[in-house]
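You will see two complexes here that share subunit A, one where it goes with subunit B and one where it goes with subunit C.
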Partner chain A sequence: MDKNHYDRPLITRIEAGMPGKFGLRSELPPTTHIDGQPVAELIKTYGSPLFVFSEQTIRSIYRKALKAFTTRYPKVQFAWSYKTNYLSSICNIFHQEGAWAEVVSGFEYEKALENGVDPRKIIFNGPGKTHEELVKATENGSLIHIDHLDELYTLIEVAESTERKPRVAIRINMDTGIYPMWDRFGFNYENGQAWDALNKIMYSGKLELMGLHTHIGTFIMTANAYAVAATKMVELARALKQKFNFQVKYIDMGGGFASRNTLKGSYLPGSDTNPSFDEYAEAISSALINSHFTPDDLPLLILETGRALIDEAGYILTSVIANKRLSAGRRATIVDAGVNLLFTSFWYQHQVTVAQGVSQYREDTTLYGPLCMNIDCIRESINLPVLNPGDHLVIHHTGAYNVTQWMQFITFRPNVILIDGTGETHLIREKEGRESVSGKELLPGHLKNIRE
Partner chain B sequence: MPGIIRLLNRAYHSSLNSYTMVFFSKNHLLGLLLILVSFIDVWSGLAGLLSVAVANAVAWGLGLNRKNILSGFYGFNPLLTGLGLGIAFDPTWQFYLFLVAVALSTLFITLAFEGLLTKYGLPYLTFPFLISIWIAVLAARNYASLIPAESGIYTMNAMYERGGPLMVRIYQWFGEMEWPLFIKTYFRSLGAIFFQSGLFAGILVAAGLLISSRISFLLSILGYVSAWLFYLLIGASMNELNYSFIGFNHILTAIAIGGFFMVASRWSFLWVILVTPIISIITGAFTLLLEPVQLPVYSLPFNLMVLLFLYAMKFRDRMLLKPEAVVVQYYSPEKNLYIGSNARERFRGKGQLPVSLPFFGTWKVSQGHNGQHTHKEEWRHAWDFVVTDEQDREFEGEGLALRDYHCFDKPVTAPADGWIEEVVDHIDDNPVGEVNIRQNWGNTIVIRHSEWLYSKLSHLKKGSVKTTQGSFVKKGQVLAACGNSGRSPYPHLHFQMQSTPHIGSPTLPYPIDQYLIDAETPVLKLYDFPETDQMVGNLPGEPALSHAFGFKPGQTIRASEDENKLAEETWKVMTDMYKNLFIEDESSGARAYFVTDGRLFFFSHFEGRRIGMLYLFYLAAYKIPLTYVRNLSIRDTYPPSSFAASPMLILQDFVAPFFLFIRPVFKLETGKREDDLDGSTLSLHTSCEPGIGIWNAPSYRFRIQLGRNRIQTLEINSGKNSFTIRFNDYA
Partner chain C sequence: MKIKQQIAISDTGFLFNPSTGESFTVNPVGAEILAMLRDGKPEDQILETVTETYAVEKKTAEKDLHEFAGMLKMFQIIDKE
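Our next item is the complex of A and B:
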């Protein structure tokens, strides 16, 4: 029989009955298992901290998102946004489900090829493509989304030396009525840059225009912005049809759908306020369907959703290192996962739950990571049960960006595991060692010896 | 002199078909035999041929339908009249004057009967001959210059006069043969069709019949035997009086209803037996009626019987297959049977307006036809659709709010092009669990697709209708959103086809043109009815396939074989007057007829030389769905007549009405597809297994490679040989 959890003594003010500014105190049940696997066992096997991904959740969210669109629009294609999470196992789950690849750098492009993605189904985005990368993408028949005029000129040059015509789309930025308006990527719609670029492409005769692309921003909290964006895209498509009798093959609405996470400073939890896939789908497909397109020539709708598809499927399991009290008497807990692993904690209030049964008593706590750095704070204020060193915590909705933007600072990156549909666990990225950090270092001869 | 050759060719076809049409055939060998038979009596044969020539020439000159003339439709009645008169009168010049006039009148009477009977979808058979010869025979009694021939009376004299001693000897040999009466009478009956009483004529006709069609031959025996038995039972003898002369009525009726107008089957054979007494009764009655004017009944019993039978069959509501009427006439009972036998399955969508599912994505049929809740009686042919999630639940959360339901507010699309007939858009959506029985159908759209074909979409969301009465909508256009109005306790879409424009009209069983059942192994359904609990969705066409198989009249394709083992062929895509599409090989004239409705491509039949690349292409692309489904496999059977004759095939012909043991199988499996925005590349693996009995045709494996929206190559492997055919210059 397990020993009972020790609860240290605790004095709290009684706040019975009345809800406070943040509503009734929320008490989340402990997360003892993920997909049927005991958290304590996982940590015992793979160490702490630990990244965990649920294959079942990934597939089920993907299918749900796809269904939201396919029941509203006849031709829908998702392209997995590599930058959100490019662990090969994760990418391949999406590819198995039928997603194409959306990459933003030469590295990601290579990675997608290595994963076995048909090069004609790789969308190459991003402002920083090199000449060599453009040549390769052209020869492979990948879809190149042009970001700026200089890239357009480079591609026309590339087209002269390659056998194939580059297959391109242009990225368009626009005012969709939200703040901030992203205008650093692509060509602007309102001031005519986008139309100008399209004319250049059509008149050059060197490029094969395939579609139109926009990415209006990230974590967009209103679906209506997409309706505005889609309408403007349709306008460009119609102008192309009118002037050049040219039919675009696809309209790519980019990504930016909000996940279930709660942004810092939000009054209500994100799961209640953020639009659902259905709302985004309704906005986009209505705008396309209520346009000049006849049912037969509706273009393919491409979505580059990343965050909303993966966030919920990722967890970080962490362990309590120590408890301490701050100068003002506030309780603080130090855990072994910090902002080095949880980059997204800079803008989210991640949901954190305990991983074992505990008492009913809770305390307002600040959660710090293990780094020797002042900014390493996971939650400034969170109601948690009293914790002892060695207790485990589960940080939720960490699937997006954390395994691509994680920092190598003073320590190594931990194991990443995947729990498959049958509950079996697979190590999908081994924890780093000294070799992975210092292996590429070169030491000049005169610095080799530090003793006389 | 191509002009003269063309003229001779036309004269040859129109004349020969005039002879064969008497036996409902277009077999040239039979035609030549029949001509030979008619010339056993030279003067009679000459009169027949002259009569045919006059009628066909006048028909051509008058500008009648050329196809009909070439098919012999206007020639066979004048032929019979000519033969009949030729045997009855001496060949004087006055007779020929008379003959030409009668031939002309037969043509006119033919046209009159054509006009009269075609309206009812009935054939005119040999009625024109009957009327014409009766009139002629009666009229001839007034003309002194027309001398009745003696050949009927002094047979030997006539024989000697026309064929010399050899002819007499042949005639005597047949006459003295100790054959059973039963068999002699059969041959006499056959000969009588061409006004010949000799056995020799009958044997020749029987041989021709056997060569042209085994089923017709079998039927001729069946008709004859059942007549013989009937006369035996009723107490008369077929050999007595001039029954042998009218025996052919039974034979012709048997061929007509046993295998020509009806698909040969045990049912058609049964009817041949059942109508035997009726023919006899008609014969008896009319023989007496016509006696005072001294006219024979000729083929009147056959004409009346067939017409009565065919007309009666048209009134059937049910049992349409017992026996089944021939829809497309191939002038061969074998072809009618073989091609017709799987036509019902193959051509089930033919002539139907393609109707799609009225939504995007995959929905679940919550109630199908004859459903357990409300799809009953007059409204039984309807569907209810909902959207479910992976856990097969229709809603999220507790399902207490309409918004919780996955299908609620989802777009509803037009199932086919049409005009909006009626729109109701003001009825409130019910709260979950409540129904509005007063406004049963709730918000509804009725679309008119054609006269007598309407579709109705019901229980739509209030205020969601995006169209107006009278507007034209295109298939796939979003019309409204799924809701919960009317008799609907939870959101769902009600869809039905109907033949009248009202809300509440009874339903019509009308299939969905093409849909995919989403299951472990997806199933492609064509012109079928989704069933309760199936997950169904529309299937987008694969442009690579629809372009590649979208042969347009005027197109030219050059097919060449890589190693020149087969001669290069130039194919032309053409269409005939009846809008039948076919690919014709220019050099051999072989034709592969095909049908396509944008969903399916298939070859309907093949005519001509069964060698060469067009024939192989016919076998390889026998049935191609123009859509891509991974791991799809399709089976079909070729008509046995797709293969060259073999002993087993001849045996099959004999038993075909009862059972088919030769079932050449066509199989298709979709290969790997590399889809791309600029058009997919894919391959189809098909095979042809001729099966037992057709040992002179190997089994083939084919691989059709498609790319850049056209067929690139056709790889053929027949075990011993393998070829690669390249498709060039087709645009």
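Our next item is the complex of A and C:
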């Protein structure tokens, strides 16, 4: 005779009146498949934990974002933000869709070249470009976005030594009514630094001014901030036109669009409250369209949004290692993916679902990673069904920043796979081994022998 | 393990502790274990019944029973031994 299905014995205190003002907690259905692939099979083949990217989702979100802008403004160009996710397979999906590359270091610049991006379609941002990198970018005709005056003067020297005119823009920071105001990058608009830098560029005659760039912050929850920023950019463009009879070729509004993730401390899920691409597009396009630009000389609108394009296409599959009770009786579950792989769990309440049929009994749970480090907590409180060691979980919306900011701490980074549009899986980054971590170490001769 | 005398247990898995006013729910496996505890059955007999009735290995059932007992103690449903 078949035995009955076993659920761990569970007792739950009934806490009347506990639902918050937004009602009862929602229960999410299990995620048994991703793009038609069974989660259990993916883990069996590629191991656990496992990063999974959906090509279909990347392309569909990119097209949605592009459509939101192109239906409102005639000249739009996206540049893929390498720092958000620089796995070459991911970059090349965006490049296939038509995105340029936006890089912030010599390493990323080289990677974009390696990926086959036309150097004239690489935007080189960031405060830390070296002299050699500036020479190379100048010789290649890449777009160099100047962060500070020292860089501006270095570029004038580079122009003299290479006898080439670097193609440049300046990065501008400004008050758009949001907090915190990012003023560490670029030249300030309100105090006149930006205008001063533009004057230096125009009077030097050594640099080819191409455009104006701003990046007002990250995970911006109000689209109106972009309207304010775009208006200020337009004002600078108008001043250039008026004083130098110079027409900027592009206005780069940077990135910072919020993804569907939920920030810690939010009442409502990010999927319900964060602005859509349409809202951002409406704010930016309206400011440009309603400006002094005539239809013939509207500048190209460049967007460098990263997070909002890739977050939803990334998943981490993880397995339950153990369950335990904390001192006050609270359930804690330990899984094999920690903050070493999920850097973004420091500021998001990542959606986590189970990957198999589940018990109807649920419990408030603290979800810990496997690291021997107190801060390794994926979710402080999440209502999950009863889980057993070996069960699988799916962590959602992990596509942005995690495969660039992940930490090599006490263990190795796992396989990363891509599920293509036909449902076929491809290994796009092999898991690390001891060689990946210790391979570059050098041991001085006198330290080779240790006491027996 | 002995369930406190005043605890009211329904067959469908509701518990009420009149001395604290607290109510609890248990899942079917939990309810079965509580019923056996109420009948004064010893731990090894409870384990035997659970492993015979349900698709579970003895070591898992034993581990889960200990944890369940810990929760019952914490909620003051069984007397501390």
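Here is the rule we go by: the second predicted complex is superposed on the first by the 434 of 452 C-alpha atoms of A that agree within 3 Å, B and C clash if a C-alpha of one lies under 4 Å from a C-alpha of the other, contacts with A are read in each partner's own complex, and residues count from 1 in each chain.
By our rule, a residue touches a chain if its C-beta (ideal position, glycine included) is under 8 Å from a C-beta of that chain, and two chains touch if they have at least 3 such contacts.
Predicted, not measured: the structure shown is a model, and the values here were computed from it.
> Just checking: does A:R325 make contact with subunit B only, subunit C only, both, or neither of them? Give me first, second, both or neither.
second
> After superposition on the shared chain, which partner residues are touched by A:E282: those of subunit B (first), subunit C (second), both, or neither?
Touch status of A:E282: first partner only.
> Contact-wise, after the overlay, does A:S359 reach subunit B, subunit C, both or neither (first, second, both, neither)?
In the superposition, A:S359 contacts subunit C only.
> Using the touch definition from the top, say if A:T12 reaches subunit B (first), subunit C (second), both or neither.
second
> Could you tell me if A:L300 is touching subunit B, subunit C, both of them or neither one (first, second, both, neither)?
It touches subunit B, and subunit C stays clear.
> Can A:N4 be said to touch subunit B (first), subunit C (second), both, or neither?
Touch status of A:N4: second partner only.
> Check whether subunit B or subunit C contacts more residues of subunit A in the superposed model.
B
> For the complex, give me every residue of subunit A touching subunit B.
My answer: residues 60, 63-64, 67, 70-75, 118, 120, 141, 143, 167, 210-211, 249-250, 282, 285, 289-290, 294-296, 300.
> Inside the complex, what are the residues of subunit A that reach subunit C?
2-14, 323, 325, 329, 359, 361, 386, 388
> Subunit A touches which residues of subunit B in the complex?
The touching residues are 359-363, 387, 389-390, 406-407, 409-411, 413-414, 466, 474-478, 538, 540, 674, 676-678.
> If you look only at subunit C, which of its residues touch subunit A in the complex?
Residues of subunit C touching subunit A: 15, 22-30, 33, 50, 52-56, 60-61, 64-65, 67-68, 70-72, 74-75, 77.
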